[in-house]
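One structure below.
A, B, C and D label the chains in the order they appear, each numbered from 1.
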């Protein structure tokens, strides 16, 4: 880290910062310029957060981080790509994984119909919400454990592993009992209590990027999971909040490529939430694959106009089948044999 | 709500939308223009979310909400201002409430020293984090229950009611036992499981605005609390994420004024997180009061450069005292008598 | 357009709005709900802006636009894609156009070396800045007319048409004399005086999206050009400003797909400015093509670390050659014959 | 500046950077840490932009600016506040300047009526648009020179100096002939050709912040004016683009306080464009004064619902009078004597 002193900093103030840097377990390297002095805090075993607090010391203009604050998720630590095994499906292993299914599990029939169809079209995993984070308390909140059972049944029939969101620490055990991968939704990306709990679960975690999270914050949220003991983490870019209102979010595909540079973890893209518009799901799916995403998660509903959530961004069953063909996925005609 | 049909919509598509509107419990009013047809869904007892899903129906260009989706928090429902009583301190009753204290409770001494000093300077409530949401898992995470006990002791000594953050449903009972007001942090504003739990607690809630939450989303988060039975809700604007990097967040003071128009709930401002820079805390405190905020929440630390969190935005004790004088607060010299 | 009255609107206020709607040349359709009244302003020949001003009339809550405000750029007006001919290169005709070259023209040698190399690698057009919009007045501002002459020489030698930015109305004639396509930079997207001038120039215009422009504002800027008589407009998405700082801008590829839905104009993507990072130019180029962009504009420099502008996002000559191979472009070995 | 080498940087790469730093006129200070090497470029007379380009050199992770890139606008250069004299009205001298008037000059009568009224209410300067930057080419574009004449007449009658926007280099002379202060609109903040031209005009300039401009970019735009010879620059915060849609822009009042720290130039706030909503103009005016703004610029129209632009955010004449009373301004009853 670098402590950038003010032009007006006195010799005493500079001395004080040097002392504090040493106290915190670093070496201090002073570079005196014509205009100002900067002081490098060098070493790997010091207490970084205490150096950051020096921003509040007299004579200090700024404290600048030089190295990344994340460790276990970093590609510097581990150069080969992590492959996460979700009940037999490899995420990050080179193949593009397609996760499809309804936003919410609304009924046994709705889910089974969707599961059979997306399987036939070539999907490799099933999604469906049992617990739904809804902006309004008056909207459909999900069927809970009943939905988990329907998901299990659909998985047993189709062979597709299940991913579903867990919103509450209290539900982690229930969800972990049924799901093959547990999703942390975008609004919970920095629900650190939930992350700490999920770090102890023996199931892979799908960690969505928060709508206002920087790439750095997102990777640090993943760091909570790895630091807590769960190394099976899949990231998912799902769009960020910007001033643009023509789309629901702005899908930040450069972040997908950037995260693959910075981290060894696999990264998916969610073109459904990322755009909010059915007509853009196809183009952005292709773009996400082209940019290097390890997979897609796509909302599919038998009758989007009657969906209890996210209808406008859901593909219908033939729409998903067409998209899979365009993506070069061979439809699987014999579901049983899959 | 209004369903805006595409120019190319067929008579059958228009008919279908009319049928669905009626099915959902609304009356349908059709306005046929030269270019396009729009259909109003009129009535107060229909199922709104099903009309929204019509965005996915054939021939539909858009579905536009006309009225606000929140109810209990709305000033239309209740025109007089809600006054929240926090252990005797009235929030929203006309006086400007000043909540001050350290970002994190770091030790008994640090907290007591701060509490005595801010009390003497005129603060009306004490803040201090026991459970800390930290971007990195390697940063100080708070002292937990021990910190809650220190807070109680400081409150007992100074007479200042306590507000502290609760991050996890699992901690709600512990926190509610000690705190006079429970804070939902910005990153948990849409942690709906936590909100539902807090709706059942017999203590006031301080609900911070999420860094990417619109005013509407913020009010809907408050609606979760009121709909669940807790009407003692205080809102707090603490800055939103924007492209500007010179400040930590962009404190949206217009949102304070707007929320006071839309809702009857009291609203505070947090100039510490809102700016991230000590030198801006004073000017933005004055601006927040001028715009009509019901109070301020300000971070104060005996030695900001040694703070375990948020040092750069913390005032030191004399700095807080000066600010209070500028705000026209008479310092309370006899702490015991207060 | 729809005028949404307040719940508290009086009969007189409603009547007044109806009168004004008629006065402005529209028919008024009144839909009275249980909670509020909405009034549709129907017709195609009324004065829209006067209806918008009704937002300021007593009893009015909001005025909502139903149809798009742009006309000539709209796909509703013209369903087939516009193909813009830039000195023989067709933009929008199905082939992906690759425009490459340095950010700034720095010298005759630098430009000719780059032009020959990108031509050999398969580029179809040459870019290079003669007039540079620089954030700081102390940075290199471009070689001006001298650079235009070098561009012309490079074009004559390689056969590549030239695109270069014009920043000032005063330079339009000079630039139009040399360039095959004139670029409006992102910061000038709403420089309406410049747009009006360019609308009268008999050369194609490349209109970059402003860093804070919505898709709607961008298309309305293009509308200035078409309304003024210049129909040869090529749009270019180059990234928007968001809270993310790991990349220079956030390249909004969904906007590319959306604009192709809304408009008949061709759309390019600029992965260089869109990311600001050389390592992301390749992945985002592929993504842009996958999403349906009609072409790319890429910064290439013989020695990026000595570039007078935008070095960090510039590919070097072998880097561009590699990318072109990855994109499936056959390098052109015999430059003369091209 | 600091060049942050990659962990993997070789000795040769480090050597190369050191050589380049010296070549660019700086001294190189090398700090070798356990994990990585950083190299400070020290000195005040080197070529900064060439150091920035080193970001593209092999082995370099990042180049970090330590000092501010602006000079003449900086408070480091000049610690006392600049006072700009606009035809006798001092901006920045301690008094709060109130500029009021219509968004657009629509007619002689509309302007004179407004001018007389705002003068009587206590305004100190008159605003009014002659050339209007409009998002759509189909909206009212202003009366041009005719409006300038009306402004002059209103100024002569009321004694209020005039500020009006200039959109085009071609109009600078005309506008400078009539106006007492020339406004650069938000969308032209980085129209560097216009800035260069205005740097040579012997009239004060009001420079609005661009909707996506950082504080740094804004100050660098002002630097263009000072570097070109015009030191009479007044800044104006008018709201930035964010994800919030309930207000037209997000008025960034912290930026006002921050700019007053960083620069000696006076700063105004525009609560009309900053919020887009008439009801918020009053509260945000008070907040802007409280935060330390040197003045306000407020849109006022005799009949906002018939305004040709910006009606929803315009105060009517009695509304402005009330606000001025609330701000503690004594209305001026005898206009002639003022």
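One rule holds for everything that comes next: a residue touches a chain if its C-beta (ideal position, glycine included) is under 8 Å from a C-beta of that chain, and two chains touch if they have at least 3 such contacts.
Given the structure is predicted, the values throughout are model-derived calculations rather than measurements.
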(message) A-B versus B-C: which interface comes out with more C-beta contact pairs?
(response) A-B
(message) Suppose chain centres are the mean of their C-alpha atoms. Which chain sits farthest from subunit C?
(response) B
(message) For subunit B versus subunit C, what separation do you get between their C-alpha means, in angstrom?
(response) 39
(request) Round to the nearest whole Å and give the separation of the Cα centres of subunit B and subunit D. (result) 31
(request) Measure off the straight-line distance from the CA centroid of subunit A to the CA centroid of subunit B, and report it in whole Å. (result) 25
(request) Indicate the residues of subunit A shared as contacts by at least two other chains. (result) 212, 241-243, 245
(request) Flag every residue of subunit D that touches subunit B in the complex, lowest number first. (result) 212, 214-216, 240, 242-247, 250-258, 261, 274-275, 277, 279-280, 283-284, 286-292
(message) Please output the residues of subunit A touching subunit B within their complex, sorted ascending.
(response) 20, 48-50, 52-58, 60, 69-71, 133-140, 167-171, 187-188, 190-194, 210-212, 217, 220, 223-224, 227-228, 241, 278, 304-309, 311-312, 314
(message) Touching residues of subunit B toward subunit C in the complex: what are they?
(response) 2, 4, 7, 29, 31-36, 38, 40, 42-44, 64, 66-67, 76, 241-243, 245
